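Here chain A shows up in two complexes: once beside chain B, once beside chain C.
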Partner chain A sequence: MVRFKSRYLLCEVCVEDRSSLLLLEERAIYHAVKNAVARSHGDYGAALLILSYGVKYVNAHTGIILIRCRKSHYRNLWSALPFISCLENRGQKVQCSISCLHVGGTIRTCQKFLVKYSTQQLHRMLPHCRNEAERDEVRRAVLSCSLEKERDVEEEEDEVEDDEWEDE
Partner chain B sequence: MSGAKNRMRNKKMRDQPGNVTYSSPGWRNGGETSAGRAGEAQHVKGHCLPHQGGGWVRGHQSGGSVYPQELPKYITSSYFARARAAEVKAMLKAVNKRTGSCHTFGALPKHMRRRAMSHDTKRLPTRLREGAQRMLEKSLLTGKKKEESKAKSRKARRRHGNLLLEFNRRQRKNMWLETHIWHAKRFHMLKKWGYCLGDRPTFKCYRACYRAMSSHCLLQDLSYYCCVELQGPEEELLSALSRLTSKDAGPTFAAVQCLSGRRQGSVVLYGSDQYPAQPLGPVLFLWRPRSESSTDRQLWIWGHPTLKQDLLSELRAVCQCSEAVVPVPVTVPVPEPTPAGAAEAAAMPPKGPAHKQASSRKRKRAEQDSDAQPAKKIFGDGTRSPTCPVTWKSALTGIVINDLTMEIVRYRLIGPLSHSVLTEALCPATDCDVEAKKRQSCFWWPEHSKQEQNMALHREQTDVFQLLKGVYSSTEIPGGSVLGLTVDDPRLTLPRMRCKAEPDLQQAIGVDEEKRRALTLQGVPERCCQSALWDRNVRDNATDNKITEKELNRMRSELLVPGSCLKPTPPQGRVPVLLVHQPGKQLGQEMPSWGAGWDLLLPKGWGMPFWVPLVYRGVRVAGLQMSVKHSQHKGAPHFPHDFPDCTAGARFQDEQQAELMNKFTRRPPGKRTNYIKHGCLAPFRCPWQQLVEEWAEIVKETGEGSDTQTGVETDSVPPRRFSVLRSRKVMRQLSVWCKPSSSKGQRLQRTTQRAPQPISLCPATAVSLWASHGHSLVWARFSLLAKGRPELHAMVCVPTDEDLRLLSREPRCMGPQEPLHVDHFRKRVKIARKAKKKKGGKAKEASVEQVVGSDGVAEKQDSTSDPSQRPTEQPSSVPALTQTQEVVSTPSRTSDGDTDATPAVPKASVAPSDQDPSASAPGPATEERLVLGLWPEPLPSVTSHCSRVTLGWVTQGDFSLAAGCGEALGLVSLTGLLHALLRQPPEQRGLLLLRNPSSLQYRFAKVTIEA
Partner chain C sequence: MEEPAAFERLVYKNASIFHYMKICLVLENGRRNIEAAQFKQLIISGLRQLYGEVGAAFPFDLLKFDPGTLTGMLRVYNSGLVKLWSALTLIGSYQNELCAVRVTQVSPFLLALSGNSRELELDQASFTGEKPLLT
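Moving on, here comes the complex of A and B:
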């Protein structure tokens, strides 16, 4: 099968104050990136980006975003990312920088990378913990990074949904 | 997005993580507590309840502007760790879960997929096995009903008895010929006329079949032809049958050669005492030679299955056979209904049972209950009910009518070498041993050969048959000769390899020269035409005692030398056959007796044992398509395609119209031919009746017929039904008139014409012909002068003087072109379609259609006036014709508003009061039938619609491989033809124009009437 191939850029929004990260929104990123590309590559570059450009995933707690663009022009986007210095949302301007963690061909590979990256980050957090409570929290978080327990629940859900469809 | 699509999408996106932001709409419910817990909750929610506005919809969401909860005031590292963990969990789930397809192995990479994975879960990797097992169980649960419906295993179904049962069941609607399975493996099969017939082979062999026909041998199974047997005193039979025929149309049943049984004859039957109206169709007939023992004669009439019902009822009427002899089924305990009376027999389809079939059917039904007895293969007609009478008797005349449908197998071999195929495949029956003769035998041949006179006859027939080996071509034998014979089972002499039969002329030179000359000059002597096939008991005996294939193979395996010939021939291995010569092209000068051959008649049940040996002699097998082509090359009309005046022909035309219409509407509207623009009124069905009436009108209006009293006569007589001209005398006259009187033509004329001085073509003779055969169509052949390939329903038109002059200037010219017509119906069709789309209620629809209808009448009037104006605008050289065109178009213009079926009826005959009620009522109905590119039902004048006057239409047209140019066969109006011929200069007489329905190009063609 023939498809339009895309590149997915897995990026992390770095801010000084962690709480301002919660202002992160899909729309703000969308416009910020578009403007940055337009500034550095001109109208032509912006127009190339618009083809199948999209923000696929935003996590306001961790600052992870996933941007999609055409495979042929992803370099335009990539090179424009460092020029984003602030994101504007709800009338507030937040100074930030966007660093690209991973460039993948599918969402799935990006997700896989993210799993690896996040667990690594959690492990790194452990020695920096200041008190015991924090340490416990982080440990618990690390331990919960697995799917084993949830599987049974999901399967039940599956069956319920399947039955519903059959009834229709 | 549709519901199903939504569902699929939801299922696919179920496991994908959504956005985690403070403004997403999914956030609203659970955001009261601390941010860290909220984040987790969001993730869990993300997979529990996939909502439409999830993270996979590009751009911002509509709910984004609302901020229901405050942002947290502070943030800790533990909160961040939890957020990370939640995200990891979500991502893990997204990565690990399958997407899209619900099959477990969709998650597997392609190189790890294995065959039959869904069936056997052990082929999957262990980690996926559990899920796959669940899926399998689920699918088994749903598919359980289907599993139960299959009663028997494939092996059981393929077992011989069960297979036969299945075959018998499948033949109930459409009968199978004995060679059906052979054909079904190789042919495109058609269900036609109550039979399953092969149309054409699946492999490419069109040209090869033509070559076989013209230089070797082509084989066809014609067993679907119906045979009716008449028995009775000769005079009674002849007097009864003479009512169905006329001497005017050629030799009848009483022709001397045929009556003696030496020749097979062919004749066109008419309704009793109805000639020339109500034709039934063409039949072949064969008299049994007179025998010394009885005075009764026996006659077989072979007809097409579509003809059979009409034929039987007519025969019963003329022979006064009202007494139906109800056959008594032998082993049927079921109470039978009372014997059907004559009226009842006439009402229900008079099919007849053979006793054997009846019992086998019963047995089959019984078996479905008990499953005890094996099925028996049905030979002959297995579909008719056992109570249907097959025999009718007449106490008055002593005639017995017997329906022998499917009782006799008929194979047709076409081609010059068909006799050598026969002589090679068949070998005359060998004599039985002496001791076998002494014993009483239940087989027919030992009994038959006991009588010395039978043996003498057999030896005589064998001699004649051996003579055939030395004949160069089948065409040398006089047409229609009959040879009776008894042959050995041809399976015994089956060659190991397929070979090609060639005549052995070297060996035959010098031997029996005189006898062979006598054979080719006088035909088969009368004594040799006798065959045991005429005897019903012999036929049944031969059928019942056929050696089965299994038995034959056992005997072969017991031979001492494997592969050697089986000797002596088993006593039941003799079959009575009848060889009937089939004359080829008899009329016309070109390719005389092309397509001659032999017909092989066999008792039923012997179909396959003869078929395979014939095929092994290198013949080519063809189907229905080739039989049409055969008659086309012969220039003969093919039943039922070219007999529009017969009921069967009319029925065929209906079917053909429906089929063509179906084919037309299957194309997208933009790709269909717009026949209105091409000036083609009836591309799917030729309006013969209208054509004939219009020509009668034209002749009357131009004043050519009016000077005699005939014009007055036709006025008073109600419009007669058209008929096809079959009178030999008139045909012969016409064929002479059609020829150009150039030097070459005259020479031909002189050589062929038997009459010393044929009546020359002049207005007076034409008028007398119009009077007698005004409503006739003539069968004619058209061969194109230059290139072009005529198609079905191409128009035959009269060239103008201009065209003829053009042709004489440059003989290879393309021919004139028809100006493009204007499609006035286009707008109406569009409006109607729009109204159909828009219509909400019924009241609205009705009002729209009324408006459309009133518009349509106005448009239609100027559309019909167009063609009549066009000739006057052009500088036409035939003033008489333009005048007629205008005259003819007047009545059609007046009758346009109504839906009268005959718009060409003169104005005077249609009273204006009749028009008004009919105009209002069927208006919406006609609107419904409006199809873009086709004229709606009341056709305007068919003759004057185009710039050239139409004479008739082509019913068969193709590039003729035999003639090397485009050739067409069709029917033209006799009146129109004479009208056109009278106006043509003598050296260019017989030149007409042909135009295909989907083309504007006229092509010159020469018309030939072969008589």
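Moving on, here comes the complex of A and C:
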């Protein structure tokens, strides 16, 4: 059986100014990563990204992105991620850095990791809360973190819902 | 009784960690004065175009270069041979002038590059009707 295997890179975009994070757009990341790979790996790298490359998920509130590429050359993409210094969005340049959290074979495994990672982050945020109201909110978010039930339409593997949680 | 002589055979799969290439630069408008450093810069720019910054950083050495005939000898690690060779193939221009890089010989051993049966010039005297050496 021959099947095109892909790798999903779960990455986090770090910016100094959280408000500029809300402008995060799929297209900006798509082009930024493509240009970075073209710079680091030349024409060969740019050609590798023609096949099965895409940005599957962007969460503007938390800065989590999910990038998909072929299994045979996901390392080229991974090695080019640290060289991205800014994202351009409608003429505005946002200084950022991208770090990879997890590499998975399917979207589902990445989602499972993200849920675990998010609960860890919430636990870490609890001691930093400034007042009781925030603390209650964080506790509530931790308790409600869970994977939603799978949808009936099974062939739509790209449709994933991650339980949105509010931060700070 | 004498013991039979032991027979030992050694087989090396990767005898050399380097590969040596003998190449020649061919320019459209004839020969020019090109220094060794400029030649190496041309190869690095070819690598950068095809394989990016990572490819251009791969170490290789220009062991010999003859500015008159524009022939040179490169040495590269085994893992970078395919990349270097493909980058050399795709070098198209040098300072806005069409050019091509011809690869004459490739070998894992430097000694093999000293002789080339393609450029061997046979002695003319051996073709005339002279007496053979062994009688």
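Rule of thumb we're sticking to: the second predicted complex is superposed on the first by the 144 of 168 C-alpha atoms of A that agree within 3 Å, B and C clash if a C-alpha of one lies under 4 Å from a C-alpha of the other, contacts with A are read in each partner's own complex, and residues count from 1 in each chain.
FYI, contacts are C-beta pairs under 8 Å (C-beta built on N, C-alpha and C of every residue); 3 or more make two chains touch, one makes a residue touch a chain.
The model shown is predicted, which means the values in this text are computed figures rather than measured ones.
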Inset, instruction - Mind telling me which of the two, chain B or chain C, contacts the most residues of chain A? - result: B
Inset, instruction - Considering only touches as defined above, state whether A:H123 meets chain B (first), chain C (second), both or neither. - result: neither
Inset, instruction - Pick one for A:R90: touches chain B only (first), chain C only (second), both, or neither. - result: first
Inset, instruction - Quick one: classify A:G54 as touching chain B (first), chain C (second), both or neither. - result: first
Inset, instruction - Report for A:K71: first if it touches chain B alone, second if chain C alone, otherwise both or neither. - result: neither
Inset, instruction - Could you tell me if A:S79 is touching chain B, chain C, both of them or neither one (first, second, both, neither)? - result: second
Inset, instruction - With the two complexes superposed on chain A, say which partner A:S40 touches: chain B (first), chain C (second), both, or neither. - result: second
Inset, instruction - For A:K5, decide between first (touching chain B), second (touching chain C), both and neither. - result: neither
Legend entry - Complex contacts: residues of chain A adjacent to chain C: 37-45, 79
Legend entry - Complex contacts: residues of chain B adjacent to chain A: 7, 11, 16-17, 19-23, 35, 39, 47-48, 55-56, 58-61, 64, 67, 71-89, 91-97, 134, 138
Inset, instruction - Mind listing the chain C positions that touch chain A in their complex? - result: 48-55
Legend entry - Contacting residues of chain A [partner chain B, same complex]: 18-19, 22-27, 30, 54-62, 64, 90, 107-108, 111-112, 114-115, 118-119, 121-122, 125, 128-130, 133-134, 137-138, 140-142, 144-147, 150, 154-155, 157, 161-162, 165
